[in-house]
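Right, one structure below, let's go through it.
We just call them A, B, C and D in the order they show up, numbering each chain from 1.
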Amino acid sequence: MLESLKQSVLEANLDLPKYNLVTFTWGNVSAIDRNQGLIVIKPSGVPYEKLSLESMVVVDLEGKVVEGRYSPSSDTPTHIELYKAFPEIGGIVHTHSSHATAWAQACRDIPIYGTTHADYFLGEVPCTRSLTEEEIESGYEKNTGLVIVETFKTKNKNPVYTPGVICANHGPFAWGKDAHEAVHNSVVLEEVAKMAYMTECINKNAKEAPVYLQNKHFYRKHGANAYYGQKELL
Amino acid sequence: MLESLKQSVLEANLDLPKYNLVTFTWGNVSAIDRNQGLIVIKPSGVPYEKLSLESMVVVDLEGKVVEGRYSPSSDTPTHIELYKAFPEIGGIVHTHSSHATAWAQACRDIPIYGTTHADYFLGEVPCTRSLTEEEIESGYEKNTGLVIVETFKTKNKNPVYTPGVICANHGPFAWGKDAHEAVHNSVVLEEVAKMAYMTECINKNAKEAPVYLQNKHFYRKHGANAYYGQKELL
Amino acid sequence: MLESLKQSVLEANLDLPKYNLVTFTWGNVSAIDRNQGLIVIKPSGVPYEKLSLESMVVVDLEGKVVEGRYSPSSDTPTHIELYKAFPEIGGIVHTHSSHATAWAQACRDIPIYGTTHADYFLGEVPCTRSLTEEEIESGYEKNTGLVIVETFKTKNKNPVYTPGVICANHGPFAWGKDAHEAVHNSVVLEEVAKMAYMTECINKNAKEAPVYLQNKHFYRKHGANAYYGQKELL
Amino acid sequence: MLESLKQSVLEANLDLPKYNLVTFTWGNVSAIDRNQGLIVIKPSGVPYEKLSLESMVVVDLEGKVVEGRYSPSSDTPTHIELYKAFPEIGGIVHTHSSHATAWAQACRDIPIYGTTHADYFLGEVPCTRSLTEEEIESGYEKNTGLVIVETFKTKNKNPVYTPGVICANHGPFAWGKDAHEAVHNSVVLEEVAKMAYMTECINKNAKEAPVYLQNKHFYRKHGANAYYGQKELL
């Protein structure tokens, strides 16, 4: 069942330690099969070096386990809300990567200080509001997803053009058209968070990059007029 | 004698360089056999790459060497006081890991800024008071243990729910139900210290995570209603 | 065609990940054959591990592809302007290395705080002005080169003695007599940026190194009276 | 000639990249044979991976090359002044390690914030005054040694108990009873510099560790009453 999707989710999970995005089991990747409405996700608390195709968990959009002998990631309800609200995305990553988490703990959006950021994220990487006591005590993981969706709606941001977020006092989520791209964006988010942190240490009054520079870099890599990279696959 | 405990203490000591928690010989792990009242601990000043089962030292709760040809870690009296005062713990780690030590040198508690911290430590990681001149000159290592115990009593903290501390102008101790878990908590403490350091650089007015978020994350992983991870062993 | 130049450009590109200067494909190296007026440069967006002699692209000084099946780096027009304006240089590197990029995002020159800097760069490493909206929307990459050239003219700096620059809200370019030296200078620029960042954290009022110390170190390694290193090749 | 000393100097030089203390060739180690008044030192500008027993250079206390086909490190006159003034030391290391160099560039002593520092260095690690223009232009490297000696005299510090220094706007020198111990102290100096830097970020008003704590830790490891480590060699 969903063997090829499982393979890509397995590989994407194994990429998390490879890119130094995780300590212990602090991260998970999922991907969705939109036709079948099924999600493949990492099992909860299983070390990356013990993961195999067989340990991947398949859940439906209600969170019911359809296949797999393990419990799915405790963050599964968050993934589900994102897949429901953002129909264009195919893969999601959650980590506690150091720099992005520091911004989340600081409860601040990550300002767009340069082209490294603009190559992947249009505008700031938003930080959600804090969840209320009620939201935390009842359906915490689901509400984490809902507050991310709320953040994008309130700020009128397109999740395809800003493929990531940081959750207040928690950490980052990133996504993409598939699990591989979601990991890619997680790596970028961590690097962007690191650079923004240092930028402010170097200049307390640092300003965001000019909007036309932001757009230039983003659309150099994305959309119909993109000219970065190769037209054909290598 | 205590072969299996020695094996676990040996492995836990070897994990310290693996997790980048130590420079040279700056760290030690012990574990206790509560039935026999005996502690296995790293020998003093021996490089990790030269450690073997035979080099582990067995001491009793008075600090007397019961087996082993080496002198035990000079921090042995600290470990003993912790084992005496905290009957639930089975393993202890001391390191000079960079970020936790920086907080210790700054003589500040590590605030609980997010869920990474809350997943393992309930509330701030406390920093002890400084030892007095008298406490340092007579029974320094023992008094280091006593001041840790005093810190937990004064702050009314449960050492099982806050499995670590930083000693003023010195560095961190962490513990757990066994040597392996103690190392695990040492890794977390270092990562939490790093993130808290960056959080304050990003936002000088950063606030601790809401209490209900702290509790949610801690009890998601600990206690009767925990639901993180797998019910059965893998 | 240009086999030996291609080989050196290939090796120099492979040095970028080796020296931790790049994430993914965020960097490129070129070198020029001055006699033929031809430049060898990395193809756009191709991962370093997939690079080969055959994937290198040869362009002329108008940017026309003379050989190679891939599109050249999107930064090619920047390289071309630098080769045109700085006749002494033979190789150019562009990266988004973390610390140099943080200074670029902070829109500040990197002050010359010590001898590590002075061993390679005479005076501060300058930061360009921001490009105007018009410069970005029409011929962005070419204008990036032109603003670098303008910066050196305005500040009356010799590109041979200051073999690098940071572009506002973007990142560093460095160069040298060939591709290998350009990579060498990129590594130095990143290290110098890191040290300057920490220097200011340690002392907000840090002052640049005395001019005679700057000169002493620079000319110990460069020019007719250099005495660092070996007279003959090893 | 001096084969065993050469071997130890070679190994100590190779330890510099192993401990991440150097970029390229930015560091050198020497050791002295006090009976013969001869120093073995790294050749200038030779990459560590190309070093061999044969490439080591032997110089006398006037700096004259007695054996070896390469020019000695350009810092040789600094080493010589230190060997002349500090008769107890047998090995010297100079690097541009990042954190120690940042303190040097900030022109500040490294305060003794904790026991990690006190285990190896009694009191602050001093920063020299800047050299005058005249001192730099005539006999720069020799004067670098002389100003280090002056610093220890002026501050009434014992080079055996404080086995390192940072030179204003330049970087660290460390030493020990032999080349191996000098490298060991260089590693400690870099780590201590890193921790002190972070300590001040965490607490702008951080205070030095109490003097009795400093003494306790230093003399736990050094002198007649030391009790850290093993009495006999392993």
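We take it that a contact is a pair of C-beta atoms (placed from the backbone, for glycine too) under 8 Å apart; a residue touches a chain by one contact, two chains touch by 3 or more.
Quick caveat: nothing in here was measured; it's all calculated off a predicted structure.
Student: So chain C and chain D are the same sequence; what rotation in degrees superposes their CA atoms, nearest 5?
Tutor: Rounded to 5 degrees, the superposing rotation is 90 degrees.
Student: Return the chain whose centre of C-alpha atoms lies at maximal distance from the corresponding centre of chain A.
Tutor: Here the answer is chain D, farthest from chain A.
Student: Which integer distance in Å separates the CA centroid of chain A from that of chain C?
Tutor: Inter-chain centre distance comes to 33 Å.
Student: Could you state the distance in Å from the CA-based centre of chain B to that of chain C?
Tutor: One centre to the other, that is 46 Å.
Student: Touching two or more other chains, which residues of chain A qualify?
Tutor: Chain A, residues with two or more chain partners: 200-201.
Student: Considering only which chains touch which, how would you classify the arrangement: line, ring, star, complete or other?
Tutor: Graph shape, chains as nodes and touching pairs as edges: a ring.
Student: Help me check something: in the complex, which residues belonging to chain C touch chain D?
Tutor: These residues of chain C touch chain D: 113-116, 184, 187-188, 191, 194-196, 198-203, 206-207, 209-210, 212-213, 216, 220, 227-231, 234.
Student: Could you pull out which chain B residues touch chain D in their complex?
Tutor: 23-24, 26, 43-46, 50, 70-71, 74, 96, 98-99, 101-108, 130-131, 133, 136-137, 140, 169-171, 197, 200-201
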